Amino acid sequence: MLTIARIAEALGAEAEGDLAIEVHGASEPASAGPDDLALAIAPSWGEALRQGRARAAVLWPGADWRALGLQAAVFAPRGRLAMSRLTQLLDVPPFPAGIHPSAVLDPTARLGDGVGIGALTVIGAGAEIGAGTLIGAHVTIADGARIGPGGIIHPGARVGRHVTIGARVILQPNAAIGGDGFSFVTREPAYVERVRETLGQGPVAVPEDPTWHRIHSLGGVEIGDDVEVGACSTIDSGTIRPTRIGDGTKIDNGVIIGHNVEIGRHCLLCGRVGIAGSTRVGDRVVLAGGVGLADNITIGDDAVITAGSGVLSNVPPGRVMMGYPATRMDTQIESYKALRRLPRILRDLAAGVPKPRRGE
Amino acid sequence: MLTIARIAEALGAEAEGDLAIEVHGASEPASAGPDDLALAIAPSWGEALRQGRARAAVLWPGADWRALGLQAAVFAPRGRLAMSRLTQLLDVPPFPAGIHPSAVLDPTARLGDGVGIGALTVIGAGAEIGAGTLIGAHVTIADGARIGPGGIIHPGARVGRHVTIGARVILQPNAAIGGDGFSFVTREPAYVERVRETLGQGPVAVPEDPTWHRIHSLGGVEIGDDVEVGACSTIDSGTIRPTRIGDGTKIDNGVIIGHNVEIGRHCLLCGRVGIAGSTRVGDRVVLAGGVGLADNITIGDDAVITAGSGVLSNVPPGRVMMGYPATRMDTQIESYKALRRLPRILRDLAAGVPKPRRGE
Amino acid sequence: MLTIARIAEALGAEAEGDLAIEVHGASEPASAGPDDLALAIAPSWGEALRQGRARAAVLWPGADWRALGLQAAVFAPRGRLAMSRLTQLLDVPPFPAGIHPSAVLDPTARLGDGVGIGALTVIGAGAEIGAGTLIGAHVTIADGARIGPGGIIHPGARVGRHVTIGARVILQPNAAIGGDGFSFVTREPAYVERVRETLGQGPVAVPEDPTWHRIHSLGGVEIGDDVEVGACSTIDSGTIRPTRIGDGTKIDNGVIIGHNVEIGRHCLLCGRVGIAGSTRVGDRVVLAGGVGLADNITIGDDAVITAGSGVLSNVPPGRVMMGYPATRMDTQIESYKALRRLPRILRDLAAGVPKPRRGE
């Protein structure tokens, strides 16, 4: 149980009313009970507050908490930031410290103080786990992999050879770091290699030997500090240098990041993003859900790529891109609008509807 | 071995010929041997039947089984429904009941009668597994998670904290339920927050502190009865209320469902669908392969979204949507057709081809 | 340490200079130390070579190695092929041979000579593992599954019932082979079944019983020789015949392959590809990142589908397809260009800008 005073202090926020009221958790306004702190960070939640039974709430600045039937209020000028602090305050570690007896630790692995190793987790030879990192059940840490302090590794995550992970990194369930890159070559040039030039108009050239020879991945992965990698997301090993993820970058579920990719700091990669081999992404870039980036391109700092877009060429810093092939968002929206009007215009043209002409 | 009579009874179907013939399995018509039941549920399979050696087959209504060289036939007015019943009849449980000695069960976990726990599976403290649920190897069930009766949990599936799963639910291999939501906030508004308004035409605003603060996921996941979740699919925990999947909804492989999402009953979510945070999907909605839904939108009951579409705004009940940004299917097809004609029309315009004009 | 002479021999390549120089690994030119072999397979890497400290390099044909400051050079007419051979030479097996004592092997499993079984891996009853196949930690091999010789199975990979895998196959971490197909049917025809005909213009028909009945997957999966399957990729079991992947086909991360799909030999399926049920893909087909193929279609040999495309109908051999719905690449690019010009043309039309007319 936390008092409203304690919560306001943790949020760095102002509070009014009976600050001694205790709550055990947070809730949406309509379903809140008397011991819940209702989260109503915008006026649109006001009506829902009246439906619930909360005595205290986190409110938008200027809200009249008495009129809303409350006994106490915490004011959050930036509501989602308050949610961040509040949910952090209410959360508990997902796994305990200490080593479960069923874990399989190589005797040469080095574990920092306060590390947690879950049931049936495997830590390879020479691997290093930083102080306070909590690892769940069924995690595989390969020989020689290094993980910094303060991290959380969820069940089923795989950390391969040649992988180095910084401090306070979170790997969600079944994330796979350090698999082999998708990199193959035929002995003679394959048909697909010429397609970009011919636009598919050239003849099909079937090589005598269509075997795809594997380029092995020796470069590993380097992940900075404060990175998060989502469930079932994958980051492949580089060929002869590491695939790199910069500090503070957050990666959602179902994202795949190819070999040799370099991603900067403080990026957001939303669900189902795919980045092909050797592409470079700057700092503070946002890739919305389902975005695909072609191989060997560069995305500038602060670029934003809207959901579902496919980027085939370099993007300058700060540019907002949309669609497939991705172009400037404003241009793309114009095109979409024009396309929407097109069937009618073509019908009009065919029907001979006169257009006003200069001078008429 | 099953007799044709027994199969017809199980299918609730009519049968003719020698109903005492026994078969040991089902097969496609061309590759069927004399002890296979050939599945030929449409006239297009007739020729293939003659190539195989089946003595008995499931046939379309009205088929002349003698002319097809068969000794017995089962008639299926709705062929795929017959396949459902027949394959169910021929299948066997993937895992045995009983607890494998290598499993790691917390002593406070509660298991119903007839539960199966596979090799090296981990069941956490206070977790509950309903009667008859069969769990394969290498599954992780977190502390306090609850799974109803009659389910099947395949190897590598992860069930996190605060997850409640109903009766007869199937989780395919490496599905991850209850990972943390992808929810972050910067201290000051980030550039990406203004992009929707400015369409990317405003100046780039780099915040002094680009750190993404994490909003923790405390709400868990609630999955109803008769739900199926595909291999490597993920369903994230809600923030302060559960992410919800309604009864009878089926989810394919590689699907990602964000925090706070609510999905209704009897929906189909095909492969690689992605649903962003807090979006609500009604009952009987079909999302075809690769569909993406933006965050905080509502999809009405019985809506159908065709493959690969990206939905950016609310969809009314029963509406069929296509493309990116998704619009009504009929409108979208008109646009595609017009776009296909456009290059020629522009060439004609440039060449000054006269259009018929009113009155000419 | 390897001599330049040894490397040149392994690459089948010509070498010049001091062939006795020894290197311990490969590196990019700029970051290479004196004991690294720099890889500079195109003239664009020349400047970077001067920044590094390599004494020896793999160079493009005709490069003046002395002028580049090197003491030895290996010449690679097809640079990526040289990288394949070189990285193979420098790599080591990811897992040792021998059986880890924590592995759970059914006594009826049959293992070939030199097999490696990692910590906490489970091998089911009657399963077969071919000679020399190396299996990492936390892998599940179901009862009766068969894996050929010389393969590598990474941690967390799942091999289900009725799965047969050929020789030298690589499964990356958390790949899932043999999950159940996504195949369901309602008792009466569902609304979605009529949408293709009505384009969504017909009335919504809500069935009395919206229950999705499951068609079980009895057919398993057959994977040929020399196939690779990426991290978190899934291949579902067929219904009554196997889902099939041909020899030499390479599958990237996050790919999902539906039930009954048949894929030919020597194909490349890049990241996040999705193939719906019963579709057939020929030999040497390339599906670029994010491509979706509808169910029950056929893709001819040597077809190339560009990134992000959605294919809704059959594709003839050798055809290059782009966009959604996918059409010929050259046609599609014409449409995109026309669409880009369209807003301006519509503005001109509205403003009455005169067009040149025949005879003027």
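Residue numbering begins at 1 within each chain, and the chains themselves are lettered A, B and C in the order written.
We adopt the following convention: a contact is a pair of C-beta atoms (placed from the backbone, for glycine too) under 8 Å apart; a residue touches a chain by one contact, two chains touch by 3 or more.
Only a predicted model underlies this, so the values are computations on that prediction, with no experimental measurement involved.
A.B. asks: Cα superposition of chain A onto chain C: how big is the rotation, rounded to the nearest 5°?
C.D. replies: Angle of rotation between the two copies: 120 degrees.
A.B. asks: Over half shared or under half: which fits the residue numbers at the contact of copies chain A and chain B, same or different?
C.D. replies: different
A.B. asks: For chain A and chain B, let me know how many angstrom lie between their CA-based centres, rounded off.
C.D. replies: Chain centres of chain A and chain B, defined by C-alpha means, are spaced 23 Å apart.
A.B. asks: At which residue positions does chain C touch at least two other chains?
C.D. replies: 120, 138, 156, 174, 232, 254, 272, 290, 324, 339, 342 - these are the residues of chain C that touch more than one other chain.
A.B. asks: For the complex, give me every residue of chain C touching chain A.
C.D. replies: Against chain A, the touching part of chain C is residues 25-28, 31, 39, 78, 80-81, 83-85, 87-88, 90-91, 94, 100, 102, 118-120, 136-138, 154-156, 170, 172-174, 226, 228, 230-232, 248, 250, 252-254, 265-266, 268, 270-272, 283-284, 286, 289-290, 301-302, 304, 306-308, 317-321, 323-324, 328-330, 333, 336, 339-340, 342-343, 346, 349-354.
A.B. asks: So in the complex, which bits of chain A are touching chain C?
C.D. replies: 104, 120, 122, 138, 140, 142, 156, 158, 160-161, 174, 176, 178-180, 182, 184-192, 195, 199-201, 204, 206, 210-218, 232-234, 236, 239-241, 254, 256, 258, 272, 274, 276, 290, 292, 294, 310, 312, 324-325, 327, 331, 334-335, 337-339, 341-342, 345, 355-358, 360
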